[in-house]
Amino acid sequence: MKLKKTALVAAAVAGLLTSGYAAAASEQFIGLPSYRVGPFGSNGASLYGGWIDYMAMINERDGGINGVKLSWEECETEYNNARGVECYERLKGKGATGNTVFQPLSTGITYSVLEKVAQDKIPMVTIGYGRTDAADGRVFPWVFPMISTYWTQASAIINYIGSKEGGVDKLKGKKIGLLYHDSAYGKESHAILDKLASKHGFTVEKIAVASPGNEQQAQWLQIRQAKPDYVILWGWGVMNATALRTAQKTGYPREKVIGVWWSGSEEDTVPAGDAAKGYTAAGFNVAGANYPVVQDIQKHVYGKSKGNMEDKGRVGSVLYNRGVVHGIITVEAIRKAQEKYGKGKALTGEQVRWGFENLDIDDKRLAALGAAGFMPDLKITCADHEGAGKVKFQQWDGAKWTVVSDWISGDQTVVRPMIEESAAAYAKEKGITPRDCSKEM
Amino acid sequence: MMNDMPQEAVQEQTRRIGDVVLDLQNISLSFGGVKALTNISFDVREHEIRSIIGPNGAGKSSMLNVINGVYHPQEGRILFRGEERRKMEPHVAAAQGIARTFQNIALFKGMSVLDNIMTGRNLKMKCGLLAHAMFWGPAQKEEIEHRKKVEEVIDFLEIQSIRKTPVGRLPYGLQKRVELGRALAAEPSLLLLDEPMAGMNVEEKQDMCRFILDVNDQFGTTIVLIEHDMGVVMDISDRVVVLDYGKKIGDGAPDEVKNNPEVIAAYLGTSH
Amino acid sequence: MQFFFEVLIGGLLSGVLYVLVALGFVLIYKASGVFNFAQGAMVFFAALTFVGFRELLPGLTGLDPEGALVFWMAFVLALGAMIVLGILTEKIVLRPLVNQPHITLFMATIGLTFLVEGIAQGIWGANVRGLSLGIADEPVEWIMDSANMLVSKFDLFAAALAGVLVASLALFFQYTKVGRALRAVADDHQAALSIGIPLQQIWAIVWAVAGFVALVAGLIWGARSGVQFALTFTALKALPVLILGGFTSVPGAIVGGLIIGASEKLAEVYIGPFVGGGIEGWFPYMLALAFLLVRPEGLFGERHIDRV
Amino acid sequence: MLYREAGQFKASYIEDQQIFPIRQDKIGFIAILAFFSLVVPMIASEYWLQAILIPVLIFSLAAIGLNILTGYAGQLSLGSAAFMAVGAFGAYNFMLRIDGMPFIAALILGGLCAALVGIAFGLPSLRIKGFYLAVATLAAQFFIVWALVKFPWFSNNSTSGVISAQKVEILGFAFDTPVSKYLLTLAVVAVFALLAKNLVRTTTGRSWMAVRDMDVAAEVIGIRPMRAKLSAFAVSSFYCGVAGALYAYTYLGTVEPEGFSLDLSFRILFMIIIGGVASIMGSFLGAAFIVLLPIFLNVAMHALFAGTMPAGLASNLELIIFGGLIIFFLIVEPHGLARLWQIGKEKLRLWPFPH
């Protein structure tokens, strides 16, 4: 037994040297650069858990995609850029056709492999994080910041606040606080909100929280002083729970705090306890275990004790369901690509990229997937790698999330020009000639 | 004990003794209210061996620390080669040609004997950091030149066989010798020795005595010596200053001091 | 002015929480000369173990999950775990490394950090958990009404608890045999050994006491922002307190913590806006550094004289 | 029998003062360099080049930097990653803002920026020592990362504070393949490692070690502690800065300030402790060990427990083993891998007649 294990390790290490695994030709390999330890380990466990469970469900229920079974392997990144690059390289050559999609669920890792994916012809899908201007598919053919970018989300949040006030025109003269994680991620909010502020005539009060954000006394006293009408919470990790607790401490009503999607999961509200009651957050997916797609996972995966989640109570949580969304989009893109490149075949990353670019998940398809209302409908084109551009808002009632809005779109007349401008600047800096989308098929 | 020391050598030195090089006037030093030295005055003449003796805690080491700038006395004047000096850092003292050894060996433990002694040449080396990094042309030439000097010191102290040994591995007596070597490598005009023979056996003491006298003799170096071994002190010193409880209680030629009743009472008296 | 005092009081109360973490560092450093970087991980481990037992016990015993009995049972079990951790650390990590340079011991405690983090999450899972001590984090009403000033009930409670902790530690060190031995060890290892104080036993006790302090800190921090990995970062809040107050001074840690807490909040509010905010991450370090440049021996340290 | 210095006599001090006084060492060094520059590019896969060898080389350089400061000059620092960040952002801005900036010049200028910042944060070392200084260097760590995020000028007003390295071109040759990037990194690291070796064995290095071993004695023989400490900070930060620039240009391509976190600083510190304090060789061994160990553990865990153990537990077990091995190494060989190497060499010198 011991010998066998030693041999296994040796084989695995040898595998690193040679790269490339002998895998069944009818398996589609997906590398998972997951993180299950470190400050964001709990988030990673839910996100990758949901994604893996969905793929397992497709294998169990449908026998794969048109008979092509999905196979995957995890690689621990610890949410660390260098480890992420190592995982990218390690996973790249695995499987019969190599890794077919890379989704690191970390903006830092996204940046670190941005140029490599184009060289290696592996599509990178960054749902709800990553480089915003990559939504311009002409400049970034290999990157898909799908469903909704940070800028669209910011705009949608303003629209939501507008709807609560009785229309965006009512925002004139209002003051909106922005409590942001003082990092690259948090700063994504600045430019777009400034632009929207000048368009709608409100003011933005930007307040930075130093990472990790487990102390916010000063910030919330500043908020108390400034008395903004709403506070947008642009946080990550421990900062979110602390923000809600400190809001309670300083007497700021939680109903007026609107979180972004990385601030709107059970991982953020549960530790805040009562303080989170009434708090609203955006999301490109909703919480709940009653959707048919989650029910199918329960039945086909957990029913056979093959589930990935250690804590089964988290199935149906916001982040778990977000993982399921990752699964749905990945599987649908492969399905789409098979339509073009041959059903029942394992596809290369390049072929799957075509699948992502021509992805069209309309309401009918969503219903068929058992995900109506679970995530927005989505249509990707050569130029537009974002697709939906919609978010829903959910409110925490102290025990669970309740949806309180329909899908709300961002203001693309503001967002899209910003994306194109930023992408054009990147193209110029890098000497990239944007694709001519009329010639793509 | 050291009576077999050739008398002529001592005589020869006495003849060469010159002017006052270091003049300490009314030195007082205290640490947070505790007086270490009180109103001490004495001088050191060129080429002489000047010993400081006294019981433990008399302030002997503090005196050396005052001379080479480790401590700054609150009161008093220090004249070195006729110039009064104010607060002075030890490295400035070193630049003026004052070198020393320490009571508890203060070698650089992580380095070899050769490197330790090479540090003594530090002040005389002029090449910059970049030149060292390249180790090309002038830097290499300089390194080699100083290496030659250091080898002379190594030969002089008869420690050729241990030159590449890390000093931490050496026995106590040899470490003391290396420390002397490091001080000598700086080619000092004034050498301060803090108990160079403490903890040594007779042979080692004899060797050390010989080195001290040779340094004094061959290089003409002025030496200020702290030593407990009365025999050695009386044998090799030109003049002796006696401290007790931070005060000077005697000063003069060895024979004078030996017969000073105050010294006998305070110093020799305590050792009985 | 009212706003200034609000920030000041809030800062002082936050400072109390830093003191809690810093105390653990000071205890260990004083007794064994180890700069224990794992203190943050110990805070996390303690809080997670407490919450874990609190979740586990009602299922095993049928007791009321919110009841006092479960709370105290979980507390005792978590404390037991911390004591075991302390003893094991002494036996497995410190004893073989005795007489090694400080930096080696320091690195060993960083290794210990990984170990403790891994064990904590390996046993209890990565889930983020809430922790309620039954005291709401709300403004005290009468202060709010009379002075329009915000003072949190929870923070006052935490401050009181910290006060009790410090007082009981002081009593422990002053009046028990172990405490006296501990102080002897802190003063001079060799001397303590020579009069027959079992050094290694004392170290184990100190680590266990530091574990107890970590547990208290973990409960309070955990109740504020949830029991999650980020509790390990509380160590970073305690470090500037240590340089300000000195690694070996308990009063230094207390005063240092209050100074750091108050000044970082005031700086964030009054200086932050001019430089873009978010300065709390580095400001305490800069402040402590500036202070050290003026007074290298720290707040309560004695001036050190080099003897040669 | 091969490793024998008998019969090699040094007739001059020049010969005795070579970097490798023993002939076999010199041959060995040239053989290793030849292997890594000629053979490795032919046989190594892209994975090995990009995910292992390039980062190991870059971290070796950073570890040499920290070793100069901590190992040779005795000043404990926890801010190495921040100095890497200064180097990366410095080089980026020189490339960006000056037309026709040669890459190597930008690399060195980036390093010089880091050196200047290093001197500034090294000033406290003149008054404070030991862990107080170590914690004080955290001020550098947090302040620098904060400043790089906060002031958009550093990242050319990028919305997210992220910089994307320009193409690397030297004399018209574009370094854009893994092999060419590897060779460039190797060349830079090898040159700087040799320069460091020279530095530490001449006057500069001796004055650092003197200050480290006994600062009062050093001052008494005329070494100025201020100059020694600040030059150590400058050179150390310079090395970290160059490593940071390489990290951006030949390794990741795109970097964000937060990537240069305290965690990275600790990793570099681990490298010198595990590798060997005050050893250039040890810096390489330590970097290789610390980069490879977690990867090895991850691969091994997957091979052993894939499917049988919950993934979260497996990841935590990796962390536990990593921490445990660090402690184990510190206990078994507190002087690091370089000492093992040394012992091995001494054994080899005597072999086969150990007495």
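Labels A, B, C and D are assigned to the chains in the order they are written; within every chain, residues are numbered from 1.
We take it that contacts are C-beta pairs under 8 Å (C-beta built on N, C-alpha and C of every residue); 3 or more make two chains touch, one makes a residue touch a chain.
All values reported here derive from a predicted model rather than from experimental measurement.
Separation of subunit A from subunit B in touch steps, taking the shortest path, is 2. Seen from the Cα centre of subunit D, the chain whose own Cα centre is farthest off is B. Of all chains shown, D has the CA centroid lying nearest to the centroid of every protein CA atom. Rounded to whole angstrom, the centroid-to-centroid distance between subunit C and subunit D, based on C-alpha atoms, equals 33 Å. For the pair subunit A and subunit D, the distance between mean C-alpha positions equals 35 Å.
We define each chain's centre as the mean of its Cα atoms; on that basis subunit B and subunit D are separated by 41 Å. Rounded to a whole number, the gap between the C-alpha centres of subunit B and subunit C is 50 angstrom. Among all residues of subunit A, those that touch two or more other chains are 36-37, 41, 45, 182, 210-211, 310. Touching two or more other chains at once are residues 70, 102, 106 of subunit B. Touching two or more other chains at once are residues 117-118, 121, 125-126, 276, 278-279, 281-282, 306, 308 of subunit C.
Taken together, the subunit C residues at the contact with subunit D in this complex read 35, 92-93, 96-97, 100-104, 106-108, 110-119, 121-122, 125-126, 236, 239-240, 242-243, 247, 275-276, 278-279, 281-282, 285-286, 288-289, 292-293, 296, 298, 306, 308. Here subunit B touches subunit D in the complex through residues 68, 70, 89-91, 93-95, 99-100, 102, 106-111, 115, 118-123, 125, 127, 129, 132-135, 139-140, 143-144, 147-148, 151, 182-183, 186, going by the rule given at the top. Residues of subunit D that touch subunit A in their complex: 45-48, 50-52, 55, 146, 149-150, 159-162, 164, 166-167, 251-259, 263-264, 294-296, 298-300, 302-304, 306, 310-316, 318-319. Listed in rising order, the residues of subunit C touching subunit A in the complex are 3, 6-7, 10-11, 13-14, 117-118, 121, 125-132, 136-139, 144, 150, 152, 154-155, 221, 224-234, 237, 264-266, 268-269, 272, 276-282. Put simply, subunit D touches subunit C in their complex at residues 70, 76, 124, 127-128, 130-132, 134-136, 138-139, 142-143, 146, 150-151, 216-217, 220, 262, 266, 269-270, 273, 277, 312-313, 316-320, 322-327, 330-331, 334.
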